[in-house]
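Each structure below is given as structure tokens.
What follows is chain A paired twice: with chain B in the first complex and chain C in the second.
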Partner chain A sequence: MKSKYMGRKARLTRREMLGTGALAGVSVALAGAVEAAPRAGIPDSWDEEVDVVVVGTGFAGLAAAIEAAKAGASVALLEKMRTPGGNSIISGGVIAAAGSPMQAEEGIEDSVDSLYDDMMKAGLHLNHPKLARIVAEKSVETVQWTIDELGVEYRGLTHMGGHAVPRSYSLSAGSGSGIIVPQLNKLKEMGVEPRTRTLLKHLIRDAEGRVVGVQIHEKFKHPNMDSGKPKTIRARKAVVMATGGFGSDPDFRMLQDPRLGGDLDTTNHPGATSEALREAMNIGCVLIQPSWIQLGPWTSPDERGFGYAPHFVQGVSASFGLWIDTLTGKRFVNELADRKTRADAILAAGNKCIAMSDAEGYAKGSAGRPTDTLDKMKANGVLMEYATLEDMAAAHDIPLEALQATIDTFNQSVDAGVDSDMKRYFPNNVGKIGTAPYYVVRLSPKIHHCMGGCGINEKAQALDVVTGDPIPGLYVAGEASGGVHGASRLGSCAYADCLTFGRIAGQNAAAEAG
Partner chain B sequence: MKSKYMGRKARLTRREMLGTGALAGVSVALAGAVEAAPRAGIPDSWDEEVDVVVVGTGFAGLAAAIEAAKAGASVALLEKMRTPGGNSIISGGVIAAAGSPMQAEEGIEDSVDSLYDDMMKAGLHLNHPKLARIVAEKSVETVQWTIDELGVEYRGLTHMGGHAVPRSYSLSAGSGSGIIVPQLNKLKEMGVEPRTRTLLKHLIRDAEGRVVGVQIHEKFKHPNMDSGKPKTIRARKAVVMATGGFGSDPDFRMLQDPRLGGDLDTTNHPGATSEALREAMNIGCVLIQPSWIQLGPWTSPDERGFGYAPHFVQGVSASFGLWIDTLTGKRFVNELADRKTRADAILAAGNKCIAMSDAEGYAKGSAGRPTDTLDKMKANGVLMEYATLEDMAAAHDIPLEALQATIDTFNQSVDAGVDSDMKRYFPNNVGKIGTAPYYVVRLSPKIHHCMGGCGINEKAQALDVVTGDPIPGLYVAGEASGGVHGASRLGSCAYADCLTFGRIAGQNAAAEAG
Partner chain C sequence: MTIPTKLRRMFWASGFFAVCLVLVSICFPSSLVGQNCGIPGYTGSEQICAPANGGLGIVLASDSGDRRRSRQQKGEEGHSGNAFSVLGKCSSCHLEDPVLPEGHVATVEMPLAHCRTCHTPKRPMSLAGKMPLDHKHALVGFGCVACHSEEAPFEEPEMEVCLTCHGTLAQLAARTDPSLHANPHGSPHGAPYAECTLCHWQHEESEDYCATCHDFDFALP
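Moving on to the complex of A and B:
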């Protein structure tokens, strides 16, 4: 990124002309001059020194730590919560790969361009094209890395909303723990263990603009931002910020989107707050696209957080069932549309919609899952079972005749092989709806992913707000960065983004001259 | 705005405990401590001192300067370009007021709530509710202020797109100069003259976080950011940043919306660049909603910038004519919808649309305008005249039969008093289309307004990115601020916003203890 605005450089010019050494610590008053000064002071002595400081232990942070350690760097891996994993460990367990071996086995044609196009379409073309393309280009390599390097296991391909074809590898573990745990094991082998309850308080930038270390609070007790004991760590090479989004932070959410107040639920863990992002802005990193905050369309008001609902709503109902507006008895959106389209459609329908399937649809959509999932969802109260369509309609105040007409039309579409109503993609094994019992999950969108964040370049370097140039010594990866997903992130693209740019950040951090 | 993230305050606590005086200039190394440090150094001596520094000479800056001077403050009024006025002086000349005397005269019922609702609807409810409400509540007072205090003259009410009723006062001058010139005259009376060719280079914030002055470049030559002679000005009370948006800055535009590259034209003046906003971020002001960048729907590819097109497209065709997709011969959008709806519709139609009217429509829509406007638009090549509909259709490759059907339907709607096609508001004097000659302007959206900017509160105080609290000594008003308009600004609401919050900023700046 080139820019004609040379604020910091202009400030440095005078130093450079006079020789930095001669000026160190000396205040010189020239007419009209403003002395260069760091944002946060550099301590007289550091409490600790390492090559690379990685902040955050989700997919991106752990991937960065693995790559940095592999390159021979000493790594301090910081995590503010009591346990590592961030949002990643509780996420849905699918990762996009375009043109993968598993697609080849199933005869599914796919390409980097197709994934890229899907990402750009969902992102309303607000995606930074070069960043989105890197994620698409490296998607197969990234999945393969999790298999070869980490021993991650996948149980099959899923067709996620907004994707042209099934291309998302489903973790056998059923959640992001299927990657986080192997990442942590790998790091342990390499002698790197996450330092939990360690808060990033300040990024420390020197007079030349380089990030040279961090101030942290050890024994931090979330969410008390003043808790813990201060300590400084010098980063001889670089700091990698992989601190995630701000989905659990109503204050910062509402600055960017005043609709998203504290009354709305979120799928995020409680630590998904903004303080690290705020500190990055505070030391001059540019913030991009922060008002694009994604609501997940596959959550239920009948449980807290992410919950069980997505297993049924996304895994079963979106491919093998129907989403119904209870006021009309009709479908109201392509059940496989991108997240924003679906969340907006649910809200526009007054938040009175359900996802449903019949017994056969449930069997197809839940193949490979633990068999007790159904019982868990029923026990939890999030999934309801009905012996007949009549019972289902009565329980949810759906006009029965309209509902039956909707199902009849859908069944004709299944015969024809084309969804006449919503143009939804039909998997080969899609079937007619009509086998009791019927299952229902009520729908209510929840705050899920922050598309905006720190501006970065293709090397995962943070960009300076004044110059647009990279900030030496600072890398950002994962949800803390902005630009990859534009207006709306497609499902299973966060895994690809976080792991790909986490690795890039770790490799480049370790390669800094230091 | 309350926040639990207390970064700066936490840093100050230790100072406060030990006593600021004892620590001044002394570096104390405590274990794990990071010394508080200002963002940009404070000069050993200031070149000049005033009470209030106002940066920018559009509506907001001049309104702030007037209020500050009126309150007895000495004011330095800075403008980086050769002439004052910014985008304001070349803008379209309409200001919204809800429940105004002129509406009462015409029997138009209106209310603050109605304007507020229109703003929120266009803004997709991303508007900061309290800020939007202030603009709506004060809209009549603000217009009255321009009349009583400045002697501004208006020639009538206009019905702008997205507004429920005609509520926008049209300047007799036909452009924003009708307010800017009286503002400059008023300031001259008070002994304040804009210092042109004076660039804001740095905002200077002290160790306690207060903005205490600026570094500027005198004899600045736009766009050479290194040109001019550095000088510092201490602001004893406050700095008001009214530096406008970044519509003419492809680098910053593309960070926030990569589609908006340098190949796209803009209605903005060449000085609408991002360096002041970048500097505000650089010293810790929070950036909100920067990716919402409005394209004006009423511009033409046949001239540069704002041009003449809006006079016809908005003033004539949107109320008394039709907007036609040349590929289909049909209307494609409510011609009085909000800007985003219309710009998106034009782009979605492949940017191949026209605005048209017949001779009677032209006469009605241009009543009160200088009579040579038509000749100027024809000479400029932006407006084309045709003796018959057939000629018009042939010249623009419009299917004639479909075009005639569209006009027939419209004429039936005029008889019925209701727009059956697009539900457009019909003014009382709307007429059927059919009187030769016919006029056409081709449509192509241009970058017009940046909705995002510095986060502010109801007092126009800039908000700190770390704490969310006001930054002492820094006010932001006008397009440099964010939040009033949300996702999309309604026409004529920028005048109300800039003048209202400019006045608020100036009043509060002058009232600071200093």
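Moving on to the complex of A and C:
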């Protein structure tokens, strides 16, 4: 049976995304009578009242809900999909922390300034400095919070591309569920459970400009924007919007970057669509830097989505193997460069590149991973194994002589302790390449993260498009906000951003006068 | 001789299964001891047991399910009845619409156990994905109130209702076909990705939620 997917295959039409008009049960003030983008007015009576409404159940939304509930606020936690966690729960499982206890154990020197500098450099200095600095400054505190308050478990440090040193805590769970599930458990203890299949339809702003509540659709069925039953919730203190990015929304993507159309695959879950951001704009939020949409460089055309490939391409090949342009047999980028640099390089090389390692490199890079990962990747067709370098070159049409020369140069670099070719960081246990069998994953970048979003200040307050001042009663955190990462986000910095600003948003929302 | 519908339903809902259970326990004496229901050709492990009170029909071993299920099995009126007016009689609802392939054996009065003598689970002839799950439940005698309340509103039941019969998530993961290269009941994305209703729907076609991101292509019931 081929099931009918409701994911990326069911593209949202522009009409569906924009909605079709005002809904029953809400009196509508039509500003300028633009029927295609109605603002919801204040209802005659609210169906429900709480202190804080949190929209979205990824890292940011759950962190906001935890902090708001901890401060004594009543919380309505909304999730439009059938399952909580958004992109966070399916993400790669690494969080940056500069100057951490685990780094100290391994003798790695690091600092807040170093992380901040790395973020700014990768972000082409388009990052809003105050926001980026908050993430860097609070990175250790945030990781410690997940350990102390949530009981999250980590298995070690990983060196992510664009970071000066290994500083990313890797979750034992191997995916974002290692934080999301403890967050959900914590919330359950506090009496807060996500209301799944609940769509944010409208943010409701009063005459003074304050966001005072939301209109939602219960029993929403993604991706039908008209499905579900309308209901209103008054937020006595504030609304926190943590609705994520728009990586799975080709129409909105193409509005921001016309090159990123519907044919491109994405690592995002099918609910990563733009309707909440559109509504935020509709009530006067300012969208900043939305054209900066990141492609992940470690994905494969031989499987859909994030898949297995990054485990090998980033975890193994980037530190212990090589990335090769099959046309030339040469390396074409520092395998540990930031994501934008690497994705751009793959595309510039004609999108015909591979990541490879030998058997020893595989063993080093996959230490601590489930032992059946290799078999799964082979069974899935994403990872190919070759008995000799000649077989590998033939299978991928790589000029053998050039390939051998590339490997010889790399091995000399290993002996010298410095990567003469690309200046790549060498871990202590980096080794020469030459032990069969050889492993290959083909490379093809996929849409991964939206750097742009609602403009916010250091308190996570949304900024008004007309005045530039904070919009009272509205906080935005996580991928739905913009500015922290500038042109390109470093790996493992989304966790730090989402959890840090999610907590800030939740604390400040709960502290508002009710 | 015409038997009133209600009487026939009572017959099938109670006596037939009692006979089946007796026959099964004779033919497969060990099968009722463990979790397996002992239906020939059926490899699942739903807890289908004879009630302790000596009554007839299928009830659950758990306390929470007993009351509803045994009443349902008595064929009481309203929503407590089975979905089929006559077990396996497609035309009860589908009228003249052909829902079975041409030449299919007559299904009237056939319980799921008998369907499975040909449609062996996890084999090419499996019924997985070929009919709505509420039909399968009805064919083993579980109608609306087995999962829903007796009166409106008929909300989506909690996952515990499913697990009462189907076992814990860990048990489900252990039962899942080991030849698959990913276990849909043991996702690395954690328990939220093992919510039954993420994939298995009763009243419309089930959906492979994993396939929104992966190429797994599970043949799910």
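The working rule: the second predicted complex is superposed on the first by the 475 of 514 C-alpha atoms of A that agree within 3 Å, B and C clash if a C-alpha of one lies under 4 Å from a C-alpha of the other, contacts with A are read in each partner's own complex, and residues count from 1 in each chain.
Operating definition for what follows: a residue touches a chain if its C-beta (ideal position, glycine included) is under 8 Å from a C-beta of that chain, and two chains touch if they have at least 3 such contacts.
The shown structure was predicted, so the numbers you read here are calculated from the model rather than taken from an experiment.
Engineer: For A:43 in the superposed arrangement: first (chain B), second (chain C), both or neither?
Structural biologist: After superposition on chain A, A:43 lies in contact with chain B alone.
Engineer: Should A:358 be classified as contacting the first partner (chain B), the second (chain C), both, or neither?
Structural biologist: Neither partner.
Engineer: Check whether chain B or chain C contacts more residues of chain A in the superposed model.
Structural biologist: Touching more of chain A: B.
Engineer: In the superposed arrangement, which partner chain does A:289 touch: chain B (first), chain C (second), both, or neither?
Structural biologist: After superposing on A, A:289 lies in contact with chain B but is clear of chain C.
Engineer: For A:51, select first, second, both or neither according to whether it touches chain B, chain C, the two together, or no partner.
Structural biologist: neither
Engineer: Please indicate which partner A:110 is in contact with in the superposed arrangement: first for chain B, second for chain C, both, or neither.
Structural biologist: It touches nothing on chain B or chain C.
Engineer: Examine A:225 and indicate which partner it touches, taking first as chain B and second as chain C; both and neither are also allowed.
Structural biologist: The first partner, chain B, only.
Engineer: First (chain B), second (chain C), both or neither: which does A:479 touch?
Structural biologist: Neither: A:479 stays clear of chain B and chain C.
Engineer: Mind sorting out which residues of chain A both chain B and chain C touch, each in its own complex?
Structural biologist: 1-7
Engineer: Tell me, which parts of chain C touch chain A in their complex?
Structural biologist: Residue list for chain C touching chain A: 128-130, 181-182, 187-193, 195, 197-198, 205-209, 211-215, 217, 219-220.
Engineer: Would you mind writing out the residues of chain B in touch with chain A in their complex?
Structural biologist: Per the stated touch rule, the residues are 1-7, 10-11, 27, 29, 31-45, 47, 125-129, 201-202, 204, 215, 223, 225-226, 229-232, 251-252, 255-259, 273-275, 278-279, 281-282, 284, 286-292, 452, 455, 463, 465-466, 468.
Engineer: Under the stated contact criterion, what part of chain A meets chain C in this complex?
Structural biologist: Where chain A meets chain C, its residues are 1-8, 82-85, 89-90, 173-178, 180-181, 184, 267, 269-270, 303-307, 375-376, 379-380.
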